[in-house]
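For reference, chains read A, B, C and D in written order, and residue numbers begin at 1 within each chain.
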Amino acid sequence: MSATTTAKRKKTGTPNRIGLGLDPYRGLKTTLCAGCGHNSISERIIECFFEMGIDPTQVVKLSGIGCSSKSPAYFLSMSHGFNSVHGRMPAVATGAVLANKQLLALGVSGDGDTASIGLGQFVHMMRRNVPIIYIIEDNGCYGLTKGQFSATASRGSLTKTGISNDLAPIDSCGLAVQMGATFVARSFSGDKKQLQAILKAALSHRGTAVVDVVSPCVTFNDHVGSTKSYKYVRDNKIPLQSIGFVPFFDEIHVEEDFAPGSVREVELHDGSLLRLEKLEEDYDPTDRLKALGRIEAAVEQGQIITGVLYVDTEMPSFTEMLNLDDLPLAQIGPERLRPPQSALNEVMTELA
Amino acid sequence: MSATTTAKRKKTGTPNRIGLGLDPYRGLKTTLCAGCGHNSISERIIECFFEMGIDPTQVVKLSGIGCSSKSPAYFLSMSHGFNSVHGRMPAVATGAVLANKQLLALGVSGDGDTASIGLGQFVHMMRRNVPIIYIIEDNGCYGLTKGQFSATASRGSLTKTGISNDLAPIDSCGLAVQMGATFVARSFSGDKKQLQAILKAALSHRGTAVVDVVSPCVTFNDHVGSTKSYKYVRDNKIPLQSIGFVPFFDEIHVEEDFAPGSVREVELHDGSLLRLEKLEEDYDPTDRLKALGRIEAAVEQGQIITGVLYVDTEMPSFTEMLNLDDLPLAQIGPERLRPPQSALNEVMTELA
Amino acid sequence: MHDVNVAPVEEPVSQTLEEVVNDFSVHVATVNGSGSQSSNLILLRALFEMGIPVSGKNLFPSNIAGLPTWYTIRASKYGFTGRKKETDVLVAMNSQTAEEDVESLSPGRAVIYDEPLHLNDLRQDLHFYPVPFDKLVAPVCPAPKLRKLVRNIIYDGVLASLLGIEMEEIRNAILKQFKTKPKAVELNWNAAVAGYDWAQEHLVKKDPFRFERMEGNKGKIIIEGNAAAALGAVFGGVSVITWYPITPSSSLAESAQEYLKRFRIDPETGKATFAVVQAEDELASIGMAIGAGWAGARSMTTTAGPGISLMSEFVGLAHFAEIPVVLIDVQRMGPSTGLPTRTSQGDFLSAATLSHGDTLHPMLIPATPEECFEFTAKAFDVAERIQSPVFVMLDLDLGMNYWTADKFEYPDWEMDRGKVLSEDDIEKLLGNWGRYRDIDGDGITYRTIPGNRHPQAAYFARGTGHDPDANYSEREEDWIRNMARIRKKMLGTRRLLPEPVIDDNPNARFAFVGAGTSNEAIRESRSQLLLEYGIETAYCRVRGWPFSHRTEDFIARHKRVYVVEQNRDAQLRTLLRRQFPVIHDHLRSICYFGGMPLDARTVTEAVVEEERL
Amino acid sequence: MHDVNVAPVEEPVSQTLEEVVNDFSVHVATVNGSGSQSSNLILLRALFEMGIPVSGKNLFPSNIAGLPTWYTIRASKYGFTGRKKETDVLVAMNSQTAEEDVESLSPGRAVIYDEPLHLNDLRQDLHFYPVPFDKLVAPVCPAPKLRKLVRNIIYDGVLASLLGIEMEEIRNAILKQFKTKPKAVELNWNAAVAGYDWAQEHLVKKDPFRFERMEGNKGKIIIEGNAAAALGAVFGGVSVITWYPITPSSSLAESAQEYLKRFRIDPETGKATFAVVQAEDELASIGMAIGAGWAGARSMTTTAGPGISLMSEFVGLAHFAEIPVVLIDVQRMGPSTGLPTRTSQGDFLSAATLSHGDTLHPMLIPATPEECFEFTAKAFDVAERIQSPVFVMLDLDLGMNYWTADKFEYPDWEMDRGKVLSEDDIEKLLGNWGRYRDIDGDGITYRTIPGNRHPQAAYFARGTGHDPDANYSEREEDWIRNMARIRKKMLGTRRLLPEPVIDDNPNARFAFVGAGTSNEAIRESRSQLLLEYGIETAYCRVRGWPFSHRTEDFIARHKRVYVVEQNRDAQLRTLLRRQFPVIHDHLRSICYFGGMPLDARTVTEAVVEEERL
């Protein structure tokens, strides 16, 4: 494991493909905790959208409620944003792309937002293949409300207040593959290279692209599989526990050369270990059944499999299915929105 | 395919194990359409609970809203019933078994109730392994609101009003296996023998037993896979379409000897075909991954696989996990519900 | 006591044998799922075509087939087409309810019934007409499965004979009903003729009820309120409709979808200028509508009480983040699942201040199909103007029943898309724009639509506290300023809403206030009060909330004002009192909450009791 | 104009140099996540132990670490422990806000600050005390990571020196805070001493503020309202708690769980007489609570505004199917997500008639920790007595802040489990029972609990229309009878709710009505009005809704009654006017909706303006 220092804001250098510098891709200063995995993800979004030369005015960034859901304020300042309600961002995003199918929708959610309160909407969004990049910043807990379990918390883990979780975690990727998402990937907030690559791939996908990013909460969560070590480590490293004290941590990054096909252990801030398994380069992500099997197998081995797990490029997206006008609905003028007098006359005659 | 006449109400014969006749297991006269698959399921519940000698006073029957959800009124008149709100019966059932872990909870839901509005609660109930037999009376449509699609409607099917469904169906059993249900089975409302056997098996399970029963809606749904034939058959068999006219049909039953391991085509009322594949007798339902694979494979072949798909007898049920008092919470008296004066004193001293 | 809760009251018995022409009710009792809706519509349409003002109300169970259902037709040469509580002509086709239906009649009424029911033994003071439906149906309908259905058309023929409905119009109505199915036309026409011929031959007219051609329906149409509202949406320029099926609102979305397919798809490319999405539940349907409204569509959702409750959190978001969206609530009887197929005005209070915290949502309250059409179309203008959720409050009676109406006028007003900034507009403002800055002093601020290409166009919509530039803020001053501005905006809304319809009267002994479908009953009650008691009244029908100052003035002018409404807790009066506390003591209350469409007699009886007339 | 919306008003400047003892405020500005909560609590507890009436209010952002946060301590020898708007002693630890914090002070106030901030240049009219925290912390805290935290304990020592807080009590408070962690005790104590010693040596007292031991806290405790309500639930005999995390209610469920673990698990078997379930969302938590209530548990859920909105549909079900369940709403600032960490009384209206259709839900409104304890315990009795949802309305200020309170009295009343029939009871009734039959004429019917072994015990609970025997019914009469009965029941509830606390006064110029946490501000404002303006007032604090007749009488007795509340739209007054329309014109309104705990000066200023004093 290697933890490097927080990715520093890059200086605005040469402009990108569409002539913009890095600045429009940045957002406000983060108000998340130092060392929060969510910040690394924001950095990757900034870099990736800049490098791909995406026009930020044609992007909408949407979220629910949570630390993760706050993060759209911290990137793409030139894009419209919508911080909606807890767990129900998928519906809002669906509506937005209906209104304007040309928009590139970027959804950012948390594991609580997606897998607890928002599970139904998450599934139905995937089922519709709504065109969106849907990022789950997955820390296995509710960061913003101070560390309770979410539905992706691993069985047996403990909260700060000592409550243990008896329930099995929901594997968002497994669920996504099964429920019809057409692009499913998983990464780790600290794996710059992989996460960037996945985001870029997601950008070229037409339907729902689910990207589950393991993103440790440095403040509340003794992460995945860390049950045993948590208390020990905490008690030893930090000599006292004080209400509301959030120690300062650096963000975690794994080395850039973490190779496809290999397994890497990452030590989290509390000393617990994360076992990341990166898909081999020749993995075929178009086989739905195999993807499901692979995900389940990793779960059984206590590993977190990362990479692009599944892709289906055939399935039309929701806005395609609806056969919408070439012009975004939001831009169609009154003359086409209101049928002519003759149409009303026609109906009136029928009803008379 | 063979359609026999509606199962007639059996005469109350010899009493069962606990000395009751059939009557307490019956309910009010059904108000569902003649020929509705849901009625057959009610019959099976009556028979099965009678034959197993279940004490009906210790059963609670719960449902959401829909034609299916009405059916608890039509069986087990001696059991407390709760017809709650649309899609949210799982929570009500969870609360009920928390209050009294000795109750046998029987949930009856529809595909709209479970897979559309209720998807989130359905999943979280399974994740908790709430002790309940949860029957989905699955007709691929919203019967009670007149035939719109539910999330289990097959792609390409048409409603009476001619709207076609572009979305892939949710396979409730596949979802159940993945989301942690510990007993997952599927049957057909007309397969008396198999459905009975499955219900009996479910009765002896401790956690969440999901039983998805394909149960054709004779009034609104051109069922699974029937896309091509629907209009043709309708137009030819019934010379006129009249608002609010519900023709009378007999319930569909398949022969008793529909053998394990075989595939059977069942003709529905509208002439469409259902392909049921019955699991072979030596199928091992304890292998989660295989179960998943088998379900997905059937989907690809356009078949509906029936039988007990998955069982996990190890996982403790939710009420077991909570380590509740031996006495049901609802029956604990005030003296044990209210801690003694000394307890309050203790706290007051700490806070002073 | 000022509050009257009205239980059903019996009308005084009338044994008259004088002819009653074009002013009575026909009540058809059948079994749900037997297809009687077609025969009832044919009846309704035939009367309509005879020029008789008429309405038809379907009193149906929450069931698909098998339970009792009734259809009640009110014909009135005076144009009072509210429900008549009294049945004058009963058609008893349902053995489950026949005895009870007969028992409830006043003397002198007529009963057409299925012969084997032997209803004539029940009472001596009615006119009975037994009809051997089974015998009549067999020859005209060879297919046994369809006989249940065809029997119903036979009673159309019988009624035509007995009541003087023109068979020509029955034929026209059948043609209209089954236009694309010649076989069905033939089958039904033969059945109607069989009924007619048989009745002509075997029945002797004894009762006084008779229809006669008149000229009451010039330029009129027949339509359900839901279809009218659907047309309103279509001609109001809706572009996104999201919905979840629920009685009594489903048919609104479904007919909107049909009209949209017809008028808003490019015939050449097949491409649509709209999206209709059946969501997975109401949380999703309102969420999608909000997302669409935010991104610039004219969006709406339609639902009923349980859906309104589920939408509560999201509506608060739209209110606070200031996003236009139209919600149509076709009210049914609550609380909870309640009586899904019974009408009510029980959601006024919940809609008006839906969601936690301080909120206000304007309501438009139509009473007629014309208003369903107009108000729904207008609601989009209001919503986009004030950037907020706007409710259109229908009810089951209005939405699902057939009403006669004037042909709708083509919307002659320009669509108001509200304060939306284009790229150029932003450029001109020289950076002097903030999403929530109140530049005009009316509390309404300028918005940009996502996709606007100006580099300064973007803002961050949120349900959390924000400053005038849409930045997250927890500052006390920001919060107070913003909330005060929103209130100002909302109160200003009343100027955008339909004004009340006021029928003032200097001689009025007292006055009525009502809204929505209480209108028909109030209108007719006023006539009853005048004719039967010689009492003049005034009437103000409110059509929007927050209420207009004209409503306040009206109430101030009248010392006793009866607020007539169809709920238990005087919800409309509560809102009136809340807005106009000073004149609170003018307001009395007549509440009916039995779920039937309100009838005039019920109102009159209540007033008579209160006024000790 | 009767309505006053109160924006923050500055208190008149006071330049006094007279000593101010035990009657001032200390305001600590830090960075969220820096652990200052511990040092502030230590401060609070030390003052408490010195016998000084004191309260501490945490003004924190919706953020985990990094944003500005304030803690404001109010000490008052007179026992007025509401928030004081004016800061007397500022501890400026946060560079982000230090300048603004200093600017907002009145002259003559004291500022302790981190030396490198150089705040003393900002103004001449304040007393500045620079402290070199970094230099002081290094020797006492070798671990650099922890220094951010330990710095905060140093200001405790500095304040002890400057204001006369006894170091002995600081030590005791540290011991209490870190009881199980001797290392932490040592570290913190050393830091406090370092601050104290340095201050003793280097700082010269110039300001007038001083603490002094007194005898104000005999028999008192310090507690947050949420913990008090949690204890109320535990001693009220709760058996099922379902919840979903949301500020400011989470700590209520969490501390209930802790107390339950401690007192309601059999030490031998390890088995629990309760279940606490963190649900997947609020729809599920209320659904579970309803299922549990139906099946005989004493069940409750706790949430805040957004949760209340989401629970709306389910609450209508429980109301209509008549199922007992307790909902605790710890109100925060809405609408929508609003200001999650700011207090408000903005949910009165939504809670009172939550859900579509005609509904009413009783509310209990505590103002103190004692009442949080008592009312929560009582709420179960009320809920089971009336078989309906019952709301306990806390708010963030009450729930999450530390209050001094009398030790709670052990509930001496017998639990009321309501009208529940056992097997024997049913036997005795000889089949003469129906779930919804009103035998006693109070609208409350008898219920059975699932699991009851009597063959006639079962009934069918539903949200749809039903007859007295719980059979599905769409009959008009059944519906009307049932709804009328439910209203009767609900209106009768007021007799079960806590009576208002009335301080009448024959010489009162005008009167106040308030509820919940407005209490402290109103109490103190009355004293200000008396001392500063010589005006006597009367006061009625309502504690339940529907309101008691005593509240009506009180309002009737006073021509001008100011209803003080913490929301924009005068929600409490709306409910008062709704229930008592006849005296509506007595009611004026003082609404503060800025999210800070209400302070007396704000109330006084508003009244003074209205009364033109």
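We take it that contacts are C-beta pairs under 8 Å (C-beta built on N, C-alpha and C of every residue); 3 or more make two chains touch, one makes a residue touch a chain.
What you are looking at is a predicted structure, and each value in this text was computed from that prediction instead of being measured.
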TODO: Work out the mean Cα position per chain and let me know which chain is farthest from chain A.
DONE: C
Open item on the list: Looking at chain pairs B-D and A-D, which one is connected by more C-beta pairs in contact?
Closed with: B-D
Task: Distance between the centres, which are taken as Cα means, of chain C and chain A, whole angstrom - done: 44
Task: Cα-centroid distance, chain A relative to chain D, in whole angstrom - done: 36
TODO: Could you list which residues of chain B touch at least two other chains?
DONE: 85, 116-117, 119-120, 124, 151
Open item on the list: Among all residues of chain C, which ones touch two or more of the remaining chains?
Closed with: 62, 280-281, 306, 313, 317, 321, 336-337, 462-464
Open item on the list: Help me check something: in the complex, which residues belonging to chain C touch chain A?
Closed with: 219-223, 231, 234-240, 242, 259, 262-264, 266, 269-275, 277, 279-281, 283-299, 313-314, 317, 321, 407-408, 410-411, 414-415, 417, 448-455, 457-464, 471-472
Open item on the list: If we count contacts the way the header does, which residues on chain C are in touch with chain B in the complex?
Closed with: 32-38, 41, 62-67, 143, 145-146, 148-149, 178, 181, 183-184, 187-188, 244-247, 250, 254, 257-258, 278, 280-282, 306, 336-337
Open item on the list: Give the list of chain D residues in touch with chain C in this complex.
Closed with: 5, 7-8, 61-62, 305-306, 308-310, 312-313, 316-317, 319-321, 333-342, 344, 346-347, 349-350, 353, 355-360, 462-465, 474, 476-477, 479-480, 483-484, 487, 567-569, 571, 574, 577-578, 581-582, 584-585, 593-596
Open item on the list: Quick check: in the complex, which residue numbers of chain B touch chain C?
Closed with: 31-34, 65, 67, 85-87, 116-117, 119, 142-146, 148-149, 151, 161, 163, 219, 238-248
Task: Residues of chain B defined as touching chain D within the complex - done: 24, 28, 55-58, 60, 62, 72-73, 77-85, 88, 90-100, 102-103, 120-121, 124, 322-326, 328-332, 334, 336-339, 341, 343-344, 347-348, 351-352
